[in-house]
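Should a chain be cited, it is by its letter among A, B, C and D, assigned in written order, with residues numbered from 1 in that chain.
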Amino acid sequence: MSNEININDRNALVEVLSREGNKVRISIDGKKYDADVVMVEEGVYSILIDNKSHNIELTRTDNKNYMVNTYSKSFDVEIIDAESKYMKSRRQDDSHEEAVISSPMPGKIVKILVKVGDEVKAGDTVIIVSAMKMESEYKVKKDRVIKEIKVKVGDIIQANQPLVVIE
Amino acid sequence: MSNEININDRNALVEVLSREGNKVRISIDGKKYDADVVMVEEGVYSILIDNKSHNIELTRTDNKNYMVNTYSKSFDVEIIDAESKYMKSRRQDDSHEEAVISSPMPGKIVKILVKVGDEVKAGDTVIIVSAMKMESEYKVKKDRVIKEIKVKVGDIIQANQPLVVIE
Amino acid sequence: MIKKVLIANRGEIALRVMRSCREMGITTVAVFSESDRTSMHVRYADEAYFIGPSPSAESYLMIAKIINAARQSGADAIHPGYGFLSENAEFADRCQKEGIIFIGPSSYAIKTMGDKITARKTMVDAGIPVVPGSGVISDEKDALAKIKEIGLPVMVKASAGGGGKGMRLVNKEKDIVSSIRAAQSEARAAFGDDTIYIEKYIKSPHHIEFQILGDKYGNMIHLFERECSVQRRHQKVVEETPSPLMTPEIRKEMGECAVAAAKAVDYSGAGTIEFIVDDNLNYYFLEMNTRLQVEHPITERVVGVDLVKQQINIANGLELELKQEDICQYGHAIECRIYAEDPENNFMPSPGVIKHITEPLGLGVRHDGYVYEGFEIPIHYDPLISKLVVWAKTREEAIARMKRALYAYKITGVKTSISFLNRIMQTPDFVKGKYNTHFIEKNSEFLMFPDKHETKIEDVAIIAVYVDYLDRLNNLQMEVHSKNEKKNWKNCGRRLNFNRF
Amino acid sequence: MIKKVLIANRGEIALRVMRSCREMGITTVAVFSESDRTSMHVRYADEAYFIGPSPSAESYLMIAKIINAARQSGADAIHPGYGFLSENAEFADRCQKEGIIFIGPSSYAIKTMGDKITARKTMVDAGIPVVPGSGVISDEKDALAKIKEIGLPVMVKASAGGGGKGMRLVNKEKDIVSSIRAAQSEARAAFGDDTIYIEKYIKSPHHIEFQILGDKYGNMIHLFERECSVQRRHQKVVEETPSPLMTPEIRKEMGECAVAAAKAVDYSGAGTIEFIVDDNLNYYFLEMNTRLQVEHPITERVVGVDLVKQQINIANGLELELKQEDICQYGHAIECRIYAEDPENNFMPSPGVIKHITEPLGLGVRHDGYVYEGFEIPIHYDPLISKLVVWAKTREEAIARMKRALYAYKITGVKTSISFLNRIMQTPDFVKGKYNTHFIEKNSEFLMFPDKHETKIEDVAIIAVYVDYLDRLNNLQMEVHSKNEKKNWKNCGRRLNFNRF
């Protein structure tokens, strides 16, 4: 079993060479590791490699994307398979697709400063989202036209949910 | 929905009168409670009754038996349905059934002092189980004959697993 | 004597207050909004009352609802915690009218200290040093004249301000008018009041505050200082005591000054006098917080006093048992505030469900939190998850201990400031104790990009992810398999009958 | 200077030692048996070495395996914790031979104090009071003569004894011979050595121990006492300091006596002199523990010293920085040992999987544990789950705080002593500080059947159970339903193809 895995702008080729219980022999970009890998709690792995003890905590954001906490650092890690490769190439080709304004944090819609059809200038604030006593303003980067507004004031939104569609 | 529930030598008749989300109206031996019941963590319930806040922690031992921790006390609680009633009546009738020696704690078999066919006297030690640096001796209460030995020295046993069958 | 206390708050501070109540044999009453039904303060309290929808303006800030819950529960006192209604003079008054003890100072003290210009005037009258500045500014001409008098740079501040809102730094003459207008408009939007004033801007300011305790008989003591200069967006992140800046002489002077300041408003209860201190140890009264502070535990640790119990005793009308001469600082304490936020993304809030938590344990560690696995941190309130407080004999050992505690503290599900705090503990300026309120800005490069590129730890992360992915894939495929079976089979089997109740 | 320490232990003590190492910048090496792969000490350490099967005789007690792991890892020192090899003179010797620092006393001190008769003789020679008694008993006649001399009641004890094994109380003359035989046979079985001796039996004995610290240059101090009289089956359950029994005069005397006792064996490192004290404050040397004690944190808290760091400094050959006159007791500390056991069933061990845990937090609470949700407490080792330590200004406040902490501490999955400990905190004899080693026996009725029959709390338990039962029934029926579908469908659908790797 092998895959490409993306971490920190690096695409690593990963292959499981053998596995017996929690002992895994794995190759990463040609470097071989003998790892003792145990999930000790839901999403928490204890890994011993050359007797070094590592604790890795995973949060899956979807089937192929993980947020990984190590002691010193956090990483976003993505498993690349045929499907995601196709999606990626498609995304790059299609530079004219409609843009969507969204918020990386969940929160509440405080204010919507535009209506459908408005022509907005680069830097104009479109929508204000509030969470945990902090308000964040979302602006357009270029001159645009407001195509669709998918939320209303007072709505509770999820992270990365489309809020306003522009074109 | 109603059942008999056994707690502390008491058989209580319990009936859910209505339920909407976490708001439950329930009758116990005729006494009516309006309870706000939420499972806040796996097996942990927060219950508000007349604005009193209760925390109840459950461990299921099987489908109908629970160990319950409240702040001040622990209880063993059993849901009685038709099947368990039948089993109970059967158990009481059948006083001559074969007896089994078992240990209420998991552990390791340290010593077996009998072999199949041995006649043992009341108070004789049959088997010694060790767990967490403590040894427990299991004895017969009456004069008996050893019918079957289901474990050997060094075996790791579960709680309540049959160890020695006597008759 | 107080027998039942309603805690008009949530989160870690509600729990912290309840703990002391429990030790005193006092029954605790929680109040909770819609999104707080499963919150730990509801689970921990003896009683709990629902007070409305999640937005605090409709629940925790509604005086009538809080009073109503207090009446219903028969609470004889209310502890406001910090934030929410804790510095609301109207609430303190209302409690008094209802015959409920407000565990805090008089509404007079709240009001006087709550308005910055009145507070400033009161302090000047009491002989407390304040930052050179103006009174209320009547118009732009007035402002220009005052600024000429004080000398640039200056800060333009909103009289009703707080949390950095309605504040503008003015360095150049040409920016004066625009800054004043911006401050006024921001103040109007945030507080409904555009009154502003002007203060001399202190270039390398340290925020140092003194804890005070006063009873109802005029006895007043201070419990030494807390150094609170590590801030981001005017919000404290790390606090420590003693302050590495302090000398015994200045400490004594400032302590006496803090006591005098509190006496000037006949203060009773626990309060904090905040000072701004420059590099030459000139200190100026900044403001008074007429409530318990978030960072009160570091004081509790080095002086060995439970401040909440003191608050309750004072509210009970007891005389202060502590004398100034009995209070001393023993060892060193540091607090780190763990926020649900993303330090790598401009400290953006990160509410969500706690997937997994490992709390730090052991010698010299105090942990005041409220979240648990499966709990959803609501979007409506403060992002504070917990406060990690360590104590050690020396500052150096306390820093080592804090790093050790942060190492063991793990939370997944939401982004937190844990690793950012760890980097603060390693920043040379912090280690040397040479920092002011510009610390985070000044050290942003060290704080944000601390580690060299480490292939090894990346590889370990990859191993964990890949093993997890493959194991899940296996499970998933088995599941899909069984789902397909179900789908196809839809119409050809018997169904178990069961009653929903 | 020590840079890497192998901790030859597991459980809470391994973690406790690692925490101090981490604060000192020392790399930590764990060793683990088969059932400890997922144990927290393996997860917390920098490195971890597998040392064999679960029974400790095949892993944690195997000197060769520990030494081998130390060599492989390049550890320059070994910390033995308590139990296992911590009081094994051969192990200390072996470390020395291998050029690995043993963080503990010399093998001479271990050996001398490890044999009770030699220890007794050494103490008598050093002028330390010991319980009136015999040397080694040669035969039954000798025993009878010695007992006549000492006077009944007496204790018959195994020279190699410990943990209450090979001990017999003799009240009546007619029981002497049978008791001696029983003690000998038990000692032979347990220790392979049936040497016994006889001691005067102290009727209401208090176990009070003194913590000592000595460096390699003859500097020796004590860090005051710990009261350890709350015991079940000769195992400590609750400890506190200061002892409610102590007077300043006796404390000073016993402290000096403890220092003299340790000096008599040229002790270096951390150790404990255990005394037996009667109601009239006559005290007698009982034994010396030549290692860290389970209950060391209460001393750390009231004197403000990290004992593990002191051990490491001493092992590094540093001179003691602490002077006797600098050490003082500040406030009061209590430790409760949380065991995986069933107090209502003769304290039977209760190993198993931790289903859920809520740890106590807040002011004045220290928690030293090692378990986590999903961890299986193995059957092979000690049932200690964690140690809960509280500090407060007064004993009364410390008891209130302990009750508060125990209230918040919840574990399901295994039975624990938490509620039993809570009842100890409420027992009038404990509250008054009037107790000796018979405490649990004497108060068994209060401890075991504390609560009157409360229908209300039963009803709440029933509500939780019934709601859970009904919700599970619903889920279960849906599951059964889908399983039946699967079974019947077996041969008529397509299967997803997937690779197992």
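Things worth noting here:
Heads up, the rule we're going with is that a contact is a pair of C-beta atoms (placed from the backbone, for glycine too) under 8 Å apart; a residue touches a chain by one contact, two chains touch by 3 or more.
As the structure is a computational prediction, the values presented were derived from the model and not from experiment.
The fewest steps needed to get from chain A to chain B, moving only between touching chains, is 2. Two chain pairs, B-C and B-D, are weighed by contacting C-beta pairs, with B-D ahead.
Work out the mean CA point of chain B and of chain C, and you get 48 Å between them. Measuring from the averaged C-alpha position of chain A to that of chain C gives a distance of 30 Å. Taking each chain's centre as the mean of its C-alpha atoms, chain C lies 39 Å from chain D.
Among the residues of chain A, those touching two or more other chains are numbered 1, 16, 41-42, 55. Among the residues of chain D, those touching two or more other chains are numbered 44, 372-373, 407, 470, 501. Of all possible chain pairings, those that touch are A-C, A-D, B-C, B-D, C-D.
Within the complex formed with chain D, the residues of chain B that make contact are 1, 3, 5, 7-8, 10, 12, 14, 16, 24, 26, 28, 31, 33, 35, 37, 39, 41-45, 47, 49, 54-60, 63-64, 66-75, 77, 79, 104-108, 131-134, 136, 156, 159. Residues of chain D that touch chain A in their complex: 30, 37-38, 42-49, 72-73, 372-375, 499, 501. Of all residues in chain D, only 15-16, 19-20, 22-25, 44, 297, 300, 304-306, 330-331, 358-359, 361-369, 372-373, 392-393, 397, 400-401, 403-404, 407-408, 470, 473-474, 477-478, 480-482, 484-486, 488-489, 492-496, 498, 500-501 touch chain C in the complex they form. Listed in rising order, the residues of chain A touching chain D in the complex are 1, 16, 19, 22, 36, 38, 40-42, 46, 48, 51-53, 55.
Remark: chain C residues 55, 340-341, 344-345, 348-352, 355-356, 379-383, 407, 410, 412-413, 415, 419, 450-451, 453-454, 457-472, 476 touch chain A in the complex.
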